[in-house]
Amino acid sequence: MKHFWALLFLLVPIFGVLTFVLAPYYNHSFPRDISENGRVIDQLFYFILYLTGVLFVATEGALFYFMWKYNGRTNREPVKYSHGSHTLEVVWTILPAVTLLFIAIYQMNAWADAKMRKPDIPVTAEITGRQFNWDVRYPGPDGILHTPDDIILVDGEIHFPAGEEILLSIKAADVLHSFFLPNIRMKQDVVPGMQQYMWFKCRESKAEVDIVCAELCGWGHYKMSGRATFEPRSEFNAWLAKKSAEQQAHRITQATP
Amino acid sequence: MEYRWRLTNKMKRLFGISGFLWMLAVSLSGLSGCSGRADMGPVADAANVKAIRDVLATSKGAGSEQAAAATGTGWATIKGQFVFDGDPPTMPPYNVTKEAEICTINGQAPPQEMLVVTPGSKAIKNVVVFLRDASRVNDSAKPKTDRVEFDQKHCLFLTHVVGLTVGQALDIKNSDNTGHNTNILGSGFNQLIPAGGAIPYKVQKDAQVPNKVTCSIHPWMTAYMLPRKDGYFAVSDADGKFEIANVPAGEPLEFQVWHESGAAPGNGLVGTTPDAPDVKWSNRGRVAVTLKPDDVKELKVVVPAKAFRL
Amino acid sequence: MRALALVTATAALVGCGKSDPPPFRLNMTNVVAKQIAPEHQQAIANILGAMFGTPDEPIALKETGLDQKKLDMAAGPVWSDKVGAKHGLYRRHCVHCHGISGDGRGPTAAVLNPYPRDYRMGVFKFKSTYTAAEPTNLDLTKTLHEGIPGTAMPSFALLPPDEVAALVEYVKYLSIRGQMERLLEDHASVELNAGDKFDPANDPAVQKLVMQDMLGPIMESWNGAKEQVINPEDASIPPDNRPAKELEASVKAGRELFYGTRANCVKCHGPTALGDGQQDDYDVWNKAINDFFKATDDKIGQIASLKTDLAKAQGDDATQIRQQIVDAQKEFNERHALLSSLLLPRNAIPRNLREGVFRGGRRPIDVFWRISSGIPGTPMPASGPAGEGAQGTLTQKEIWQIVDYVHSLPFEPASLPQKRPINASEVSTGE
Amino acid sequence: MNNTFKAIAVGAICVATFAATSNAADWGSIKGRIVVDGTPAKPAPLVVTKDQFCIDKMPVNNSIVVGKDNALENVFVYLRVPAGQKIDINPEYASKEAEPVTLDNNGCEFHPHAVLARIGQTLDIKNSDPVGHNTNVNVLSFNQVIPSNSDAKVKVSTGGALPTEIACNIHPFMKAWILVQDHPYTATTGEDGTFEIKDIPAGKHEFQFWHEAGGYLKNVKLKGGATDKKGRAELNIEAGKTLDLGDIKVPASALK
């Protein structure tokens, strides 16, 4: 069949666009956003997606057109080479440069909000990633980290007060990890020995979302997950008090099964 | 001159061979890769594994944990007497360190009760026998609600060992004219009983082994309280006799024999029943026996000195 | 022709596909060390196969009291049925480190420090029972829930409770099977000579030996674990949220005990509790491998000395020595073949108490248990009683004081000049 | 070791004295002396790093102790009861069963170096050094800190077919060996290499010869045969008599 290869390459843009269009209906699109400035990040993403989408379809269309027009069977005469055209080179350099520059400036504010403008509030909790577990350390009643009354939990259950600005300090104990909250649209790589911060505000009053490790850290990387629970401040304090009491247990808590 | 890229025959052959060799190399490494390192040692072969399994399936249960056989029918009674083999040690007096005028009987500190054996008949008192877990409970052994008196006089618990069912209440009295604070370990009950006063304690949960009862003011005071969820328990009296009525018959039962100075783990008491060969003792003081319906099993239990931790 | 090459390549790459189900393997370190005859090795493998089944189809013997449904859920290949109930949990979560037969030598074990637990010894470090007792189900569930901080054992708290229960049951199954295997191997090496038969199928004595004399005590210790839990007396437990002054007094008393000559913590944990006191001892798992390495080296020396004796000996002595040399050479070859698969033994390093990472749990009750019943299988001794009614080295009150001191250590500012350890005279050794 | 059997001066013959009470009719005894043929390798000196008290005491590596005229000490000689079988015990031993077996941490060494215990007895571990020890008896899963001048008791509940190690984790150079059987017919050779087991039920019994430095004492010639590959010899105990094995020569190469 004459135009086999042209049609084959036409499938690429078709399926490319289809996947993005159908993704939300098969639950493969973005998880539910519960973060205050999640909207900004989503808008940014979709803007860039549409922009690149259009360019993608344009270039694929050009490719299809050239493969259709100059396919091997009908053009038997030898290829005529051109020795480059100066204007073409200038155009396809300037255009992308301008576009990218625009995007760079356009997203600068969002990046600053997420990564530069650290709020001046006390650290809600310190998260330590170690091979294949997220440990969390709450400052405890005295509000200061690394004091005897800290509450340290190692079972991956992390609670946060909802509806208020949260500042987390994140560390890694052994290798590279990345603390990733998909529903909060925040991801922070952690390098052993360095102190990283992450801040966000959950706009829903109650939510339970996944914590995922987004940096390959060994065989157990797929298992290194946790549950983040957002709850009103009163419930959060009650939960903290319960955990603090459990941690001070001098007696056997349940009957042995 | 346009240069037509055409593969010469020689080059085509060359490509073909190297391509093939390359494919071969990949397939070999792929195959060897997944056979893993050759593990050493034999593997069970199905034939005689099946043969052994059939034989093992018919074998009796292992160890003292009898497999839960089908529950039998009818009820039976087990009773008997605990006798000390050899001459029992004499009990030194309690070392009364406080309020001697109250805590002594006409100037003499009372003898300790770690091992109470009546001279002559050599009967052992305060041996606890209880059925570990009953598959079915006769109405007569259902948890009772009547109150049990638990008095203290001359800084002594008048009942040294008491058994009761969940739901019963212990009326803890204090007939001394000094305060006692009775502490039932493991139950969280630790209250001061004023002189001449009484405080009830309602038993909530049962226990595997009797709980120790002490008094923080007079640390030498000791007693034991066994809360159970059924009535299948008994404490041997002054002449060593005990009786447990209406226990399930026709199925293997396991009784735990316990004494506060028992040497076996968990204070179990390992005795011997010379004239009842069908009764098997485990080294934790557990007795395995099967009773026939409406049968009254009489056991004479001879307990050697080494069964006690004295 | 090129198409053919293409097909073989894809077949090869895909070829790994369905490999046959993995079998249980014997503990070859023990088997070779004890020089068990091949036919007895096969008999042991058969008995274990009959009693415990295979990794894909485990058998819960009624004598073991294990729950067959839980074992089926945990064992076998990874798949989930229509309802979404997951199977093959052990292979999904644990086999990578703990290995098919629970020998703690899965593919990832080599890169982990400390090595993953070898269940087959039936010895567990972090539990609430007396030293010699087995852990209760609650202890194993707690280890699965919280993982072991400071090691690569992660927390599995996100698994639904029934899956955690299935995994706990499967760990007990592997452990009981391991203990059974060790007893069979000990029996074979001590009691059986080359020609003896060892087959319960047609020898009731062996069947009684296997089912009652061996399996009985194992199950009795597992079932008895509940009654061996160490429950500290209420009187000894310090009151909740006590005033700071009282806590300081307790910490000071704990410090004196820590450096004193009764608890002797300083001897191993080092003068500044950094774990630098005694670092050349082994735990039981590594000691077995270390002994294996040493015995293999000794074999070389032994063969050499036998050869020198052979030079001097004649007559029947010579033939006897020649036979000894052949045996020794055969044993050495077996040992050498095994060496490559063994992981290098590592010393048991006492914990650095200033890090504030508690592997067995950071609750005061957990630290109390570590001090009272020690950490079985490791050089950490018990300071409490060895069993019900036995006499411990320290009273429970003193153990709680050491617990307070250990909990205060991570917050002792490192800049505080470490006082030289109090020499014995300063510290009261009286009761 | 030259090929002819060189007779070494016969050990002191001690007159067997019978305990008055046991009726001499159906009980016999066995005794002998174990010597090393040739000079065994000198065990490596102990590396003593911990506790100045121990360093001053300079404990010796007593894994191979050779006494007067090559007598080998700490050899375990005991009656081997095959698994699943029982042996009846002379009433004479009933009284001794209650006594505790003492093991003393003294001078950073275990005394005795070779311990014999019966299931049911109590092992009383003393510490008469000014420094703390923690005695780790693996066969009993017992590992407890023993402060100076105090002791700890543990019930001997489980045994094993062969002697097992006793260690101190604070001073890893300290080592002792303990054999736990559920019958009293066990013995260890003393300084002069002699051992004796009294009141054994008459008849053919298998005796195990074991030493920590050599494991099974294989192919050792003794009166009426030799030990097999697992250091065992089938010997006949006649009623009322003492089977004197005389000197038993263990080749020096067997001990490493």
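Letters A, B, C and D name the chains as they come in the text, with residue numbers starting at 1 for each one.
Operating definition for what follows: contacts are C-beta pairs under 8 Å (C-beta built on N, C-alpha and C of every residue); 3 or more make two chains touch, one makes a residue touch a chain.
Small disclaimer: the values here were computed from a predicted structure and weren't measured.
Q: Mean of the CA atoms for each chain, then the mean for all of them together: which chain is nearest?
A: C
Q: Just grab the chain with the largest centre-to-centre distance to chain C, centres being mean Cα coordinates.
A: A
Q: Can you check how far apart chain A and chain C are, centre to centre, with Cα atoms defining each centre and the answer in Å?
A: 40
Q: Report the inter-centroid distance (CA atoms only) between chain B and chain D in whole Å.
A: Distance between chain centres: 37 Å.
Q: Roughly how far is chain A from chain D, centre to centre by C-alpha average, rounded to an integer in Å?
A: Centre-to-centre distance between chain A and chain D: 70 Å.
Q: Find the geometric centre of each of chain B and chain C from their Cα atoms only, then give the gap between the two centres in Å, rounded to an integer.
A: 26
Q: Residues touching two or more other chains, restricted to chain C: which are they?
A: Correct list: 208, 217, 226, 231, 234, 387.
Q: In chain D, what residues contact two or more other chains?
A: Residues 155 of chain D touch two or more partner chains.
Q: Which residues of chain C touch chain D in their complex?
A: 131-132, 186-187, 190-191, 193, 205, 208-209, 213, 217, 261-264, 267-268, 278, 280-281, 284, 298, 301-302, 305-306, 309, 312-315, 317, 320, 324, 374, 376, 379-383, 386-387, 390-394, 424, 429
Q: Mind pulling up the chain B residues that touch chain C in the complex?
A: 16, 19-20, 23-24, 26-28, 30-31, 33-34, 37, 39-45, 48-56, 59-65, 67, 183, 185-186, 188, 190, 208-209, 216, 265-267, 282, 284, 309
Q: Using the touch definition from the top, list the residues of chain D that touch chain C in their complex.
A: 1-3, 50-51, 82-84, 130-132, 134, 136, 138, 140-148, 150, 152-155, 158, 160-162, 169-170, 172, 219, 229-230, 253, 256
Q: How about chain A: which of its residues touch chain C in the complex?
A: Those residues of chain A that touch chain C are 130-133, 135, 146-148, 152, 154-157, 218-220, 223-227, 246-252, 254, 256-257.
Q: Along chain C, where are the residues that touch chain A in the complex?
A: 93, 96, 107-108, 111, 128, 136-138, 145-147, 149, 152, 154-155, 157-158, 226, 229, 231-232, 234, 237-238, 240, 362-365, 368, 400, 407-408, 411
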